[in-house]
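There are structures below to look over.
Look at the two complexes coming up: chain A is in both, with chain B in one and chain C in the other.
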Partner chain A sequence: MTTEVLWWMFAIAIVAVSAGVVFSRTVIHSAIFLILSLAGVGAMYLFLTVSFIALVQFLIYGGAVTVLILLALMLTRMGVAGKPEPTTGVQAPFGALVALGLMFTLIGVAVSTAWPGDLGGSLPGVTIETIGNEMFNNYGAPFIITAALLLVAFIGAIVIARQEDGD
Partner chain B sequence: MVPMENYLVLSGILFSLGVYGVLARRNAVLVLMSVELMLNAVSLNFVAFAAYLDPDKATGIIFAVFVIAVAAAEVGLALAIVIRLFRNRSTANVDEAATMRW
Partner chain C sequence: MTFGEPFFGLSWLDAIIRILIIVLVMTIVVVYLTYGERKVVARFQMRLGPTRTGPLGLLQGFADAIKLLIKEDIRPRNADRWVFEFAPFLTFIPVFLVLVALPFARDWGVRNLALGMFFVFAVLGLNIVGVLMAGLGSGNKYALLGGVRAAAQMISYEIPLVVALLAVAMVAGTLDLNAIVSMQDARPFILIQPLAFVIFFTAMLSELHRAPFDIPVAESEIVGGYFVEYSGIRWSMFQLAEYASMWAFSIFGAAIFLGGWQFPFGDDWGWGWQLALTLIKSLIMILLIFWVRATLPRLRMDQLMSFCWKALIEVSFALLLVNGLFLFYGWPEPILAAVNWVGTIAFLGGIYLRAARKPSTKDLVGSYKHVEVSNS
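Coming up: the complex of A and B.
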């Protein structure tokens, strides 16, 4: 019962701050809302008893990604700091239409489908041992490829963002 | 206990908000932040499915790990491109960066 009340509080807060990310008129506010939203989804992983993913979420999204985004916001600042500016284009109403349609479709599918093997009641929980065994026994090649992808992506990012002599 | 559908509905709402942000926003960094929202919704979906339907094999959780890793690579690369765009064009507006060459 307490869990459910907490869950609903977190869910409503996540939807609210995510709406803040999308609708806020100052970019810095959007970034701060994004941090809160990512942290809230991390709390959702705790509700799902998957503490490993929650940890990864807090570390990588809450830490690294948001720092990168804040840095990029500072480097690409156009107007006066904190001054509201028009942040949506003429295409905004069509975007809203698409998003609303998609939302109702997704919710309809999620609610109306009978998911096979749904445990329904209490979750057995997924331990880090299970994740590690699965990861390194069955997904070793994707793991190595992802490592190479990360390396290549960050070298590429450095090369692209580097200040050249001619600039 | 919260039923699984709750997580799916929450994830659907988050994903739709992200779609709206990607379609409507003009600042490239804000578009990227909306993409992060969408990726988060997807991993929440994966993890919810794994925790409720498949806790022994945890396939969805493995997927979520890869989604997070690829999202980190994507955000690093995309922000580098945004910074380069801003340096060359003095704008981070995706509507003004419509040509593929200069």
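Coming up: the complex of A and C.
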């Protein structure tokens, strides 16, 4: 009961800050709202008792991705902080189209799939040991291939960003 | 007082009472850490430090706190108002959350989390957000520079920190902090993972912005960094967060590497002794931090980054590989410890030899290097 009330409170708060991301007039405020929204989703995972995914959400999205966004903003913004900037351009309708399409696709998929935790079903207990076993024993090859792909992308990014003498 | 028996039988009330106790203790500890730092650094510099307020200057911290509370709270005109005002609180929240997971004595902490170690470094990563908000929101170039430096430094040093801790977690076989501590009844993990401790301590200094990594808050370069525009109570929030995270990191390090409440006496001794052991070990780590601060000069930004990316990360991944080999083949622990000690001595010796070598000044012509100018 308490969990359900908290869940709804967080749901409303997350929708509110997500609206803040879209409608805020400055990019920096949008980025900060985005951090709050992602942290709220992490808290939601805690209510849903998947603490590992919640902590990964905090570590990756809260601590790393948004920091990179803020860092990029810090390095590129000019002028007074907090001044309104133009936020819509000619691409706005296409962006809205893509976002709406994604939203309806996700809702459709989520509703039409039979999840193990649906009414009448039972949830498998997922601990960090289960995740580790699945990742390193049953899905070892995909894990290694993903790692190699990331490494290639990493080296590629360094090569592109690198400036040789005389370039 | 154990994890299993909540006060008054209500788990939420129990959590609130425990958090209140820890926050009160933390406030007192922070006040005396500022005093202790001034005293210790003063003795290192052949001075006396604060002596006037109270006996031996013991009330100095409280006097400073009162002074900070009644100072005017200034907000610059071109600051981004909400970002500026919320930044100090956002730097404090992660530290506060870390205190929730730390084990202070056997079965005593706020909550014993099954993923305790992972929780600590997941939450500590959020620390950067408040620092960046302060840098962005102040509307000041020095604050912005401090914020950029802090962000670059913290996301770089987070990697060796986490990898070194993972190496210890591999040896322990769990992420539960209380279980890790109770495993160290015969030997603390610093004896079998000294290299991990060296990496952890270095990365910790960097995450805390302590000397020699205090580049984001360098007074002589960028007049104090990201909190240059803050005054009064908001500035004191930054100080509180800094010293509280130093304390939290020390207890965390004491629990993982120095044996926490468990090591010399075991769990036969009462919870008072265990609590005292934890606090004494954390104070030893804090004293080490002050000692380093009083001894070493500040690094340059490029030295800081190249040390992290060219030395610490490689060494920490090598440590992870060696630990993996030993654990996979089940080779005995003394050999693992010996290999680690050899690695530690090689690493520290390499750093020492590199520093002791007389630097060549051959190509230095007033600038970093001599550049050939072509006439074409």
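One rule holds for everything that comes next: the second predicted complex is superposed on the first by the 123 of 167 C-alpha atoms of A that agree within 3 Å, B and C clash if a C-alpha of one lies under 4 Å from a C-alpha of the other, contacts with A are read in each partner's own complex, and residues count from 1 in each chain.
We take it that a residue touches a chain if its C-beta (ideal position, glycine included) is under 8 Å from a C-beta of that chain, and two chains touch if they have at least 3 such contacts.
Since the structure is predicted, the reported quantities are computational estimates derived from the model, not experimental observations.
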item	value
Contacts of A:Leu73 with chain B and chain C, given as first, second, both or neither	both
Which of chain B and chain C A:Val27 touches, first, second, both or neither	first
Partner chain in contact with A:Ser37 - chain B first, chain C second, else both or neither	first
Touching partner for A:Val17 - first (chain B), second (chain C), both, neither	neither
Which of chain B and chain C A:Ser51 touches, first, second, both or neither	second
Partner chain in contact with A:Gly62 - chain B first, chain C second, else both or neither	second
Residue contacts with chain A in the superposition, chain B compared against chain C	B
Which of chain B and chain C A:Trp7 touches, first, second, both or neither	first
Where chain A meets both chain C and chain B, residue numbers	52, 56, 64, 68, 71, 73, 75
Complex interface listing, chain A residues touching chain B	3-4, 7, 11, 14-15, 18-19, 21-22, 27, 30-31, 34, 37-38, 41, 44-45, 47-50, 52-53, 56-57, 60-61, 64-65, 68-69, 71-73, 75-76, 78, 86-89, 91-92, 94-96, 98-100, 102-103, 106-107, 110-111, 115-126, 130-131, 134-135, 139, 142, 146, 149-150, 153-154, 156-158, 160-161, 167
Residues of chain C defined as touching chain A within the complex	78-83, 113-115, 118-119, 121-126, 128-129, 132-133, 135-139, 144, 147-148, 151-152, 155, 158, 175
Sites on chain B touched by chain A in the complex	1-30, 32-34, 36-37, 40, 43-44, 47-48, 50-59, 61-62, 64-66, 68-77, 79-84, 86-87, 91-92, 95
In the complex with chain C, residue positions of chain A that touch it	26, 28-29, 32, 35, 39, 51-52, 55-56, 58-59, 62-64, 66-68, 70-71, 73-75, 80-82, 127-128
